[in-house]
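Step one of this worksheet: look at the structure below.
Labels A, B and C are assigned to the chains in the order they are written; within every chain, residues are numbered from 1.
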Amino acid sequence: MAQYGFYFDATRCTGCKTCEAACRDYHDLPLELSYRHVYELEGGSWSQAADGTWTTDSYTYYTSFACSHCTNPACTHVCPTGAMHKDDDGIVSVDSHRCIGCGYCELACPYGNPHVDRDKGHSVKCDGCAERVAEGKAPACVEACSMRALSFGPMDSLPSGGVPAAVAPLPDPSVTTPNFLIKACASSQPCGSTSCVVANAAEVK
Amino acid sequence: MPTDRTTLTRRTFVASTGALGALAACGTAASALYAPTSRAFGDESGDGESIVWTHCHVNCGGACVLQCHVQDGELKYVESDNTGDASFGAVEARACLRGRSIRPWLGSADRLNYPMKRVEGTKRGDGQYERISWDEALDTIASEFKRITEKYGNESVFIQECSGVEQNIMMNNPFFRLFNLLGGEVTRYGSYSSAAISFGAVPYTYGTSWGNRSLKTIQEGELVVLFGFAPNDMRMAGDGPGYDLNVVRETKNARVIVIDPRRNETCTNQGAEWIPIVPGTDAALVAGIAHELISQDLVDLDFLHTYCVGFDEESMPEDARGKHLSYRDYIMGTGYDQVEKTPAWAASITKIPAERIVKLAHEIAESDPCYICQGLGPQRHTNGDNAARAIMVLPQLVGQVGKPGTTSGGTIGNDDIGLSSLPTGDNPIKTKFPNFLWPEAIRDGAKLTATNAGILNADGLKVGIKFLVNYGNNMMANQNADIGFTTDILRDESLCEFILQYDVAWTASCNWADIVLPDLAPQETYSLTAAGESNDVEGIRFGQPLYEPKFERREVYEVCGELARRLGVYDEYSEGGMTREDWCRKLYDELREDKPELPTYDEGVKMGAFTYDIEPSTEVDDFILDPVANPLETATGKIQIYSPELAELTETWKLQDGDVISPIPVYYPGFDGPDAVTDEFPFQIVDFHHKGTTHSTYAANEVLHRLSPFQAWINPIDAERQGIADLDPVRLVSAQGEIRTTAKVTNRVIPGVIMYPQGAWHDADMQGDRVDHGGCSNTLTSRHCCPVSKGTGQHSVIGTIEKVEG
Amino acid sequence: MGSGFEHTALAVFTTLGPMGAGAFIALTYAFIAGQPDEAAAKRLDRWTALPLAVLAVGFLGAFMHLASPLNAFGVFSGVGASPLSNEILVGVAFAVLAVVYWVLALAGKLPFALRKTLLVVLAALAVVFAAFCGLAYMMYTIPTWNTPLSIVQMVGYMLAGGTVLGFCTVGFAQVGLPKGASTVALALTLAGVAVGTVGFGVQIAGLDAIRNIWSSAAELVPAIWMLLGAFAVCGLVAAALTFVAAKKAFAPALLVVACVVVAAGIFVARIGFYGLYMGIAL
C-alpha cells in the first residue's frame, strides 16, 4: 500500500493555527493536548543608528506539523507492546487495546506527537484522521487551512516543491525518515539551528 | 485530498461563475445547478448525527461557513466550507481558528441563561444580580421606556452599536424598529473601527467612498504598500482579504511592503518586507516620501493638476492662493511651519532610516501600477483623521488611484451581494453624535454641541442619554476607551436612569446594567447573512438553529416583539406577526427579485451556504476618464489634498488645546503620541487585533486563549532594560489604569513600543484597586479622540511595563 | 522537558528495583564467604523477604506509572526490539528466579550447591538488570540520555544501594561473617558510589554540548551538580554507616538508616536524570 504523509507549504502559512483549532475540535482534545503544533521561531537583532533610527535583520517564521508518520518511527521502535504501529497506509497508529500507557513513545518522538492520555488509559496521537480519509475526506487540519498550505495523501501525490522536513525546530529527517514534506519559506532555518528561538512558548510549551 | 460528496451543485456553481453576469448567462440551467443535495442534511449515518449549516459571527469583516455536526441537541464538531474548489486561488469560505473553536464558546460557563436584575439597594458596579422572570424583565423595560421618554423625550434614548451581532439581517435593528414606532431615538455616527477615516478623512478627500479596489486587482509584479494593514492577522478566512493577498503575492509575484510597528503575519512566512515605524507617525513618513518625490521630480504633476486640489499653488482653490497653504509648501518648507520635510526629518520622527524612506519613494514612483492602502490602525490614533488623509495623498502624488492595480490609499474595496437587513422604519429624530462620545453624551448632555463635539443635524444635544440599550456588545466596561472614566459615569444613576444589557454571556459590562437579558447565540437561531463585508466575494449563509433554545435564552426579534406588545405597537412592529425566520425568507426573496438566478430560499437552506468569486474590474474609473463630467462628491468635485471644508472647520470649531484641524494632511503628534513619553511612562502602548478574537467576542474562549494568548509584545532591547523575560508576569500601566498580563519578548515589535491585543475581558474590582487582572486594553486607553471625526484615539497611549514579582 | 518529578514513579522503580536485586550480591557473599549454619541460613532466608519486598515496591512503582497496567503482559511482545521490553524481561526474569530461590530455600529444598549456583546467577542477573534499566533510556532521539553512562550509573546505584540493603538483611538475620566482611561491604558500597558518581557526573559534564530549540541541556536542571553531590554524600554516609555497623556485627539499626540514606541519594539522582530529558529537536 502507499505510504501517506503530510505536505506543508511554509510560504503560504500565516501562523493562524486554524489547523490546530480544527484538529482540537474534531478530535475533542483537552486544552493541554494537541496533535498538531504550530511553532513560531524568530532570530536576528535590532540596531539603532546615531540618528535614533532602527534597523533590524530579524525574521519570524511558523512551522505547522503533526505526526510525520515516519518510515523509521522512534515511537514504534521503543514501544514495548507493539501497540504503536504503522498501519497499511503507513500511518502510525495506536492499538488502544494493546497500549499500556508507558509513555516511551511520548518520550522518544522528536515531533512531540504521541501523548499518554491517562483517562483513556493509552497513548493518543495524530492518525491522519483515518476515519475521515477512509470516507474520502481530507484530515480536519488540511481541510481547515484557509491558505491551502497543508496537504495529505500518498507521498507521490503530494504537491511538488516540498522536500523531507528539514527546518528548525524539527529534527534532521535522517533521524526518523519522516513522511512529511515542507516547502520552506525564505526565513526558514535549517534543522538544529541555534540562531533562532521559540517565540510562542505560551502557545506550544 | 478533494472529496466528491455529491456537492457537485455548489462546486459547479462556483467553478462555472466568475461573476453574477456569467451566472445569469447560464439562464435556465440555474435551477439545475442549485438542485438541493440530500446528503448534507439529516441523519446520514443513523447515529442521530445531523449537519446544520450556520456561520461564524464575530465582526471581523467575514462571515465564514460553519457546517455543524449536531447529535442529541449538542454540537459535536465543526466543519467549514468544503463544498467548493479546494485549490489555491479558488474560493471557499473556510473559517479561521475563531469559528473552528465555536463549540467551547457556545457551551461556555459564561453564557447567560436567565433574565437578571440588579439587586435592589445595590449600585451599578456592585455586581449583585438576581434571577427574574421574562415577564418581570420585559414589564420593567417597557415601563422604564415610557417613564423616561415621557420625562425627557425620545432624544434621551440611545442604542449602542452591536459588534457582537453585526453580521446578519437582524443586528440590533429590532430595537430601532421598535423605538422608531414610539418616537425614535438619538443615534450615533461612526464606529470604533473606522470613525476617523470614514468621517475625518474620506469625506474631505474623495467625498464618498471612492477608488477602493480589492487586493484582487493587483497586477503582475507590482508593488503593494500596506500601511498598518494586517489582513492575515484579522481576516483569515478562505474568502477574505488575507487569502486574496496571499494569492496575488504568489500568483502575480507581487512585492509587498508592510509599514507597521509590529511585524504582522504578512511579513512572517510570506516574506513581505517589514518597515518598522513608530506608531502614529504615518503622516510624517508620507511627508518624507513626498519630499523625495517632489525634489526628484517624481510626482505626477499632470495627474495632480487634473484631478486634485491643493498639491501646489497652481491647484489651490482660488480663495486659498497666495498663502503658502499647499501641500507642496508644507513639504518643501515654505508652508506655515517653515520646516522642510526631508527624509531625514521624517526619519527623526518615524525612526525609519532616511535611506529607506528615499528608497521607498523611488520604489513607489517606479511601480506602475502601485497598490497603496491602509488598515484601520493608523487612523485609530488621536491624530488619526490626518494620518488617514496623508496616506491617501501618497498614491495621488504618483497618480496611482482610479485604475486597475490601485486602490484609493484608503482601505481596500470589496463586493457585496446586496442583502438588506431588517427595516427599521423612520426615526423622527435626526440628531446624531459621534459614537465615541456616548459616555460624554450621558454626562454632559446638552453641553455637547455641533462645534465642540461634532453633533450632526442639530446645534447640540437636547438632553443626556437616560435610557441606554446595549445589545450584542461589551461597550460599557470593555471596548470603550478608559473603563474607569466610563463606569464612574454609569454608576451615577442620576445621569443615565436605565441601562439594559442583552447578550449571550456575562461580560464585565453586565455589572453596570439594571436588567440583563440572555440572548441566543447567532448559531442558535435563524441567521441569514451575506458573505463577509470585507471580502471581495458574493454569497449567502442560510444559518439555521443548531438546537432548541436552552435555558431561558431568547432571540432579539421576538423579545422586541414582546416589548412591542407591552407598548402597544406589536402589529406594526411585526407586520402582522412575522417571525425571525419569516423575515429571513422575505429579505432573501427581495434580494432574489434582483438576482433571479440565485437559488430559492428553501433551496438555499438545503445548501446551507454559497459563495462565488468576483472578477476584479478592468475599468478605469469614470472620474479619471472625465473629471468634469463625473465629479467627485467633494466641495471642489476633485480629489482634495487641500479641503476647503476643513479650512472652514478650523475657523468655527472649538478644539481642546493641542488638537489640530488642518486643511492639508500635515503630521502632528496628537495626544499621548511618541513625543509624549516620559520617564514614568516611557513606552507607547498600542493595542491591535490579534488572531484569536475580534474585539471582545469569543475572547473568553479558553481554547482561543491557548492558541492565541493575550500577551504584551516587547522588544528584547526593552525587555532587557526592564528586566523582563519571555512569559514573565507583567503589569502595563498608563495614567488611566493598570492591567496584568504576561510578556512576549519578541523582535516583532519596534523598540519603545508595547503591542497588546485588544478584546480581553475586563476583570477588576472597580470599587477597590481597579487593577484589571483580565487584561483589557481599555483599562489603559484614554478619552482623547480625533479632532474632526471625534473618532477614537485608542491606539495613542503612553505607559510603562514592569515585571510583577512573586 | 520538565522537573523530573513527573517521572517520580519511574524514579521509584529505578531506585528500588536494582537496589532490591543488588542486595543479592551481598547475600551471595554472605552464603559463600559466611557459610552460615542451618539456623542462620534459615534466618537469612526469612529476612530475604526484605530485598524481595524492596524489589516488589520498585516494580509497583513501574506498574503505577502505566496508564493501563492491566495490559502490562503485552510488554513481552516487544522483546528484542524494544529496550523497555528487554528491561522488563530481565527484571521479571530476576524476580521470578529470586522468588523461586526464596520459596525453595524457605521450603528447605535448596541444596547448598544449587543455592550457590542460583545466588551467583541472581547476582549476575542483578548487574544485567541494572544495565538494562539504563539501556532502556538510550534512545537516539533523546541525546541527553543516549549514552552508555546511563547504564554505568545504574550499575553503580545498584551496587551501592544493593550492598547496603544486602548487608542490612544479613544484619537482621544475625549471620556471622568472617573478618574482613566489613571491608568488603565498605568496598562494594564505595565502588557503587564511585561508579554511580562518575557515570552520572560524566553525563552531566557532557550536557553543554547538547541543545535543542528550547535550550542547552546544561540549563535543564540548574541544580543538577547539587543532585549528583547529594547522591555522592548520601552514598558516602551510607558506606560509612555500613562500615561502622559491620564492626558491630552489622547492627541493623545503623543499616536501616544507611539503607534509607542511600535510597534517598539514588532517588535524588534519578529525579535529576529524568529532569535531563530533552528531545533531539523540541
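What we mean here is this: contacts are C-beta pairs under 8 Å (C-beta built on N, C-alpha and C of every residue); 3 or more make two chains touch, one makes a residue touch a chain.
Here is each chain with its UniProt name: A = Dimethylsulfoxide reductase, chain B; B = Dimethyl sulfoxide reductase subunit A; C = DMSO reductase.
Everything numeric here is computed off the predicted structure, so don't read it as measured data.
> Suppose chain centres are the mean of their C-alpha atoms. Which chain sits farthest from subunit A?
So the chain farthest away from subunit A turns out to be C.
> Between which chains do we find the greatest number of C-beta pairs in contact?
Ranked by contacting C-beta pairs, first place goes to A-B.
> Round to the nearest whole Å and give the separation of the Cα centres of subunit B and subunit C.
66
> Where the CA atoms of subunit A average out and where those of subunit B average out, how many Å apart are those spots?
The computed centroid separation for subunit A versus subunit B comes out at 34 Å.
> How many angstrom lie between the CA centroids of subunit A and subunit C, rounded to a whole number?
The separation of the two C-alpha centroids amounts to 38 Å.
> Considering only the defined contacts, which subunit A positions touch subunit B in the complex?
By the definition above, subunit A touches subunit B via 10-18, 20-22, 24-26, 28, 31, 40, 42-46, 48-49, 51-56, 58-62, 133, 135-140, 142-148, 151-153, 185-187, 199-203.
> Please give the residue numbers of subunit A that touch subunit C in the complex, ascending.
So the residues of subunit A touching subunit C come out as 39, 41, 74, 77-83, 97-104, 107-112, 116-118, 120-123, 168-171, 175-176, 191-192, 194, 196-198.
> Name, in rising order, each residue of subunit C that touches subunit A in their complex.
65-69, 71-72, 74-75, 77-78, 81-85, 88, 139-142, 211-214, 277, 279-282
> Per the contact definition, I'd like the list of subunit B residues that touch subunit A in the complex.
For this pair, the touching residues of subunit B are 1-5, 76-80, 82, 86-88, 94-97, 100-101, 103, 232-233, 236-238, 240, 242-243, 246, 250, 263, 265-266, 268-271, 276, 344, 347-348, 350-354, 356, 691, 702-704, 706-709, 711, 715-717, 726-727, 742, 744, 746-748, 750-751.
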